[in-house]
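Dropping the structure in here first, questions after.
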Amino acid sequence: MRILLINPNTSLAMTERMVESATRSLAPDIELVAMTADRGMPYIASRAEALLAGATTLEMIAQHHAGMDAVVIGAFGDPGLIAARELFDLPITAMAEAAMLTACMLGPRFGIVTFSPVMTAWYEDAVSLSGLNGRCAGIRVPDSGFGSIDRVQHELETELTELCCRAAVDDKADAVILAGAPLTGLAARIAERVPVPLVDPLDAAIGQAALLARLHTRPARAGRFARPGSKPATGITPALAAWIEHRVDLIEVPPAEM
Amino acid sequence: MRILLINPNTSLAMTERMVESATRSLAPDIELVAMTADRGMPYIASRAEALLAGATTLEMIAQHHAGMDAVVIGAFGDPGLIAARELFDLPITAMAEAAMLTACMLGPRFGIVTFSPVMTAWYEDAVSLSGLNGRCAGIRVPDSGFGSIDRVQHELETELTELCCRAAVDDKADAVILAGAPLTGLAARIAERVPVPLVDPLDAAIGQAALLARLHTRPARAGRFARPGSKPATGITPALAAWIEHRVDLIEVPPAEM
Amino acid sequence: MRILLINPNTSLAMTERMVESATRSLAPDIELVAMTADRGMPYIASRAEALLAGATTLEMIAQHHAGMDAVVIGAFGDPGLIAARELFDLPITAMAEAAMLTACMLGPRFGIVTFSPVMTAWYEDAVSLSGLNGRCAGIRVPDSGFGSIDRVQHELETELTELCCRAAVDDKADAVILAGAPLTGLAARIAERVPVPLVDPLDAAIGQAALLARLHTRPARAGRFARPGSKPATGITPALAAWIEHRVDLIEVPPAEM
Amino acid sequence: MRILLINPNTSLAMTERMVESATRSLAPDIELVAMTADRGMPYIASRAEALLAGATTLEMIAQHHAGMDAVVIGAFGDPGLIAARELFDLPITAMAEAAMLTACMLGPRFGIVTFSPVMTAWYEDAVSLSGLNGRCAGIRVPDSGFGSIDRVQHELETELTELCCRAAVDDKADAVILAGAPLTGLAARIAERVPVPLVDPLDAAIGQAALLARLHTRPARAGRFARPGSKPATGITPALAAWIEHRVDLIEVPPAEM
Amino acid sequence: MRILLINPNTSLAMTERMVESATRSLAPDIELVAMTADRGMPYIASRAEALLAGATTLEMIAQHHAGMDAVVIGAFGDPGLIAARELFDLPITAMAEAAMLTACMLGPRFGIVTFSPVMTAWYEDAVSLSGLNGRCAGIRVPDSGFGSIDRVQHELETELTELCCRAAVDDKADAVILAGAPLTGLAARIAERVPVPLVDPLDAAIGQAALLARLHTRPARAGRFARPGSKPATGITPALAAWIEHRVDLIEVPPAEM
Amino acid sequence: MRILLINPNTSLAMTERMVESATRSLAPDIELVAMTADRGMPYIASRAEALLAGATTLEMIAQHHAGMDAVVIGAFGDPGLIAARELFDLPITAMAEAAMLTACMLGPRFGIVTFSPVMTAWYEDAVSLSGLNGRCAGIRVPDSGFGSIDRVQHELETELTELCCRAAVDDKADAVILAGAPLTGLAARIAERVPVPLVDPLDAAIGQAALLARLHTRPARAGRFARPGSKPATGITPALAAWIEHRVDLIEVPPAEM
């Protein structure tokens, strides 16, 4: 099974760490094909940036989904997720939704811990979009800043661990999601120090994408995720324009390398 | 007072009809400056198209908001509204949210009538985003198709009037919103034939934008709509990149013409 | 455009301050006609008082709405608002609802700051009535008492400003409503000292009333705000009884002076 | 135990039927003291009328509650209920709330059947006020009109019975409330013909009032139902003004007869 | 009227205290017949234990309900309540639901105070099941442990009283429920020291059971509480199997003693 | 990976069909160990039966979970799910919750189609328990009865397919869940004839159980699913009593065969 991992951030280092982290717990029959955005921001941290990244995500899926069994959008606020599901015919998951749905099986309420207050409004939107506000015990962020986005999970490991514990004890969270692609891999490292289960959103998103692919459900031909009819499109990337204009209906080209 | 009207669709004819319709009921001290998207689709009708249009909307506001008192996003699904409010410092409204908030003062529950079933999923998202699901009596669309998007409000006038009546009588809507930029101006024409008040979303959006401008509220320096810090941005339009990178902090350039 | 401003409190000084404050930001084509209740309490502060004031509000509108384009109920808990909309055929707004709907365009969540804990239960009811609980970040009141209701906004200016800041920082409110007719005008004075936008409910209510009047919507002939059929009524004021009994169906008498 | 039954309608015949119906199932230790409004409308059927009746209800309780153990407000939309609980210190129930809370023990969802479409908006408000919308399966009203409010339960008996059955079968209601004081006593007569339990709101309201009185809870000295401080009041009835101004704090005068 | 009180805990001492406490405020025409579970746990404190106790409750009702007018399930988390209502044809109440519905008439929001943190998750489930989350101001538990479940209400009287006061003052609860069968009788003892009304769940449950019995509603023959058709059942107690298999449709055997 | 499949119904034929159906799409590294209840009913169809089956489920897990990596409860109403998660330390899923969470990734709203109206109330409870009511488009059941529970999916195949189509077209469901263990395997057979994706709850439950097992989350030591302290238990099965009394804390015995 081939799963396309889209990193809508422009940081190649982040893509590499995500692949490395995911590979450790990957089922043996899954091949992960990762792509990094070539325009946008090094890491998304606002709704405006997420909107731009969502458009880029559609472009990347249009160009690279041929031959894939499923797609994972590798950012916690799930840029472009709903639009992508509507537009494309293969299973698509993203980190926030997958982490939250998975956490729902680990306890009545989940907490979210991330690394910077600038992410909060965007992540709140992701919770609302999923309709799971009633199960969210809150979002916690550290007071300390950090030096490097690539090393933030190490720089703030103590603070983040403490926040997970406070989410459990003070917010009554039954499970904690470590939110944000830069925290990928942290859950495994600190699980022993937190009294409730931790969810790594990338593991959850890849696991859910694989699950959906194994179900072999047919693409929607009706309903809110049925592919829109063809539409003339100007000024957007060739692969996406071709897909929107229904000039490419079949999946035939093998995806490029990372 | 100068209000920037963004048409995120690429149809110039639609922009012209919107300006013409709005001008009829405009307060005398309001000057409307309209802009039409130069890339995208002739009219937006899906979540994927709305995502792309949202990105275009940010680009257009970045380029044209200098010297403006408020911005109106001229599409019913409100593409880019939340992102734009976060990114820019002047009042911004859009057609769906403004119509729904206005309708809340006309009755406990509002209905929505639009011209094509392909709009439904996108409009449902707009209702959810506003948090007003509990006040929405339903969305109704005609069974008949139409020939021209530019003339749809005339072609389907009878069907749309009948749907407004059914929204009132069968769905118990206390007010009806005529949704979709292509229906701009229809409300005034059919009001006599419908037993509950009709809301024209463009009139509502311009009216709410003017109201916000008159309040002279200060831009948020904290909270979910505070402007994000500067961030390097690659591969996006110069005006938007300059704004995101905080190379342009002051509003100084007069906007271009429609 | 003539807007009838009903002060359901018996304090003439409050009416005068409201008119003075509103006049500063009034659109040039709006004439404000203010009326003060001649029975009831100096200022309403409980649900029981609001119920009595609501009845008085109906009486006042019955007597004075002829020749008006819209009505504003000048008390934050909106006494009589729903009943008045049902009974009368012109646009009617009130301070709490208008402030909350306006605040919804300034941020995902609004806080409310008022001057006395005795108002809290009544204001909570107003939030619930609007269906906007999910967008309310909380209600804050000062610990200190005050000497004069007419000067409370000056006496407690420091405390109220601090509460606005705490609503923004601690409660994560994206905008703050300064609730209660006695605080009219305070927002403009302290806006610089609060990091999120402030909403003056009277400005919002007059602005929304004007907006509705400009829409020229037709009165509801069906639905929850359709005028009830005629009904014999005993023991109530002549103007209201005449209206309820449908002996007065046309708006013909010019309103009295303040 | 003495229970004061307030009929906020001006129809003495209705009061008599209510007393007669309630007496049949009354616990032996309960004495019912009934009062009829001497101003207002023969029967309340709109939110405006309910607002006026609510004020009258406060006046009647102020005048007659001395020596009583509990009060029942004998109208389905519960005019004045919340205000009365805030203002007075003895248990107070009303027909809509009591019927709905009682119905919650008879099934997950209750339906409401009443005799005229003009009641619907008011009753919807009562459901919302109770916070039980999620448990309401809908409100049904007959298509037929009726001749006399005093005989409506007999005139429409067949239609109302049919509506109860449709509430059960089509709306999936697990219990049905026969709403509106004019339907008092109907439940017992048609129960055999309806496949789910029927709730008579007057029986429920008197039963719940007696239950609260037997609990001997202390009046609230804090919270949303704590009695407001004294306040000068002009232009209202002597007994109510005396109570609002705290000139009467003790319950000492025996109530008058019906 | 005969009311069957089921104690699904195995503690006979607890049953005796419940009967003693209830008897003090019992209406004179009510005879309470109490039964204690002969298998299970001394007191239920988790969802797993509640599930087992729910099954036991069904067994006990099957064996003892003949000749009864109503049943009260004497544990706060209401083990087996919904299943019992579906299965049996007489009115059934339980302590959590009855206390919450009763508290709804004493204030907009109720708090819950119990004696041990291990009860919290189970009680939260009971609040959710009732659909009354929006009216629950929170659940408070003491920090201190206790020595004997039979004397916990005396051991922790000071702490529990303080928690009631904090529920009123800090959580803004308008009434407080003293939750858990081991606290039966405490409310009457500490009511003077708490500024809002206290609800004793056993008194509420017996009162509501009596109220339902007095309504003489007919058993549901349709809807969610209609008795299921006969079904072969193996490995369960004879009385319950006989009832499930419809071998016993009539109530004929007098109940045993406590 | 070993997954324990609990069939809480007493029908061995159903267990066999579930194993056969699941095996077809099972990941190669998963071994399914199936157990059939030896007491209870042939198939569960009411809340009372589900309560009894929930207790049996706890007994079966206690006896057979040693050496397992995860547990799947093989009935759609998820008998005992929450209690089992609280009591045991390995991942546990069940058919309704897993199907609904999975469906959330296939569309904004899911429909549920089952084979008999007697299941409806129980399945509604399962939807409520998951907190996903807002995403459920409705439950549909055939009008026709059926002869054999073992062959119901063949007998009613045409009707069930038609209901799936109506769920999509009339109820606007974006995905449809085929609910009830007796329908296991039907989804694959009729997928071509339904315009939206179908979810097989057993496939979903096994997939989610495997996903959770692969995450290697640590058991909760705090929160709502932390294992309760030891408690004396009488009159229940030895394995479950031993687990509740903490006499068995380690998983050591290999499970028995089906």
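When the chains are written out, they are named A, B, C, D, E and F in that same order, and each has its own residue count from 1.
Please note the rule applied: a contact is a pair of C-beta atoms (placed from the backbone, for glycine too) under 8 Å apart; a residue touches a chain by one contact, two chains touch by 3 or more.
Please read all numbers here as calculations on a predicted model, not as lab measurements.
Comparing chain pairs E-F and D-E by the number of C-beta pairs in contact, the larger count belongs to D-E.
Centroid analysis (C-alpha atoms only) places D farthest from chain A.
Taking only C-alpha atoms, you rotate chain B by 120 degrees to land it on chain D; that is to the nearest 5.
Centre-to-centre spacing of chain B and chain C amounts to 28 Å, using the average Cα coordinate of each chain.
One simple way to say how far apart two chains are is to compare their mean CA positions; for chain A and chain C this gives 45 Å.
Of all residues in chain A, those touching 2 or more other chains are 108, 121, 124, 224, listed in ascending order. Put simply, chain F touches chain E in their complex at residues 10, 38-42, 45-52, 54-55, 58, 80, 82-84, 86-87, 118, 120-121, 124-125, 224, 228-229, 231-236, 244. Listed in rising order, the residues of chain D touching chain E in the complex are 25, 27-29, 85, 91, 93, 97-98, 101-102, 104-109, 130-132, 134-135, 168-169, 172-175, 188, 191-192, 195-200, 203-204, 207-208, 211-212, 214-226.
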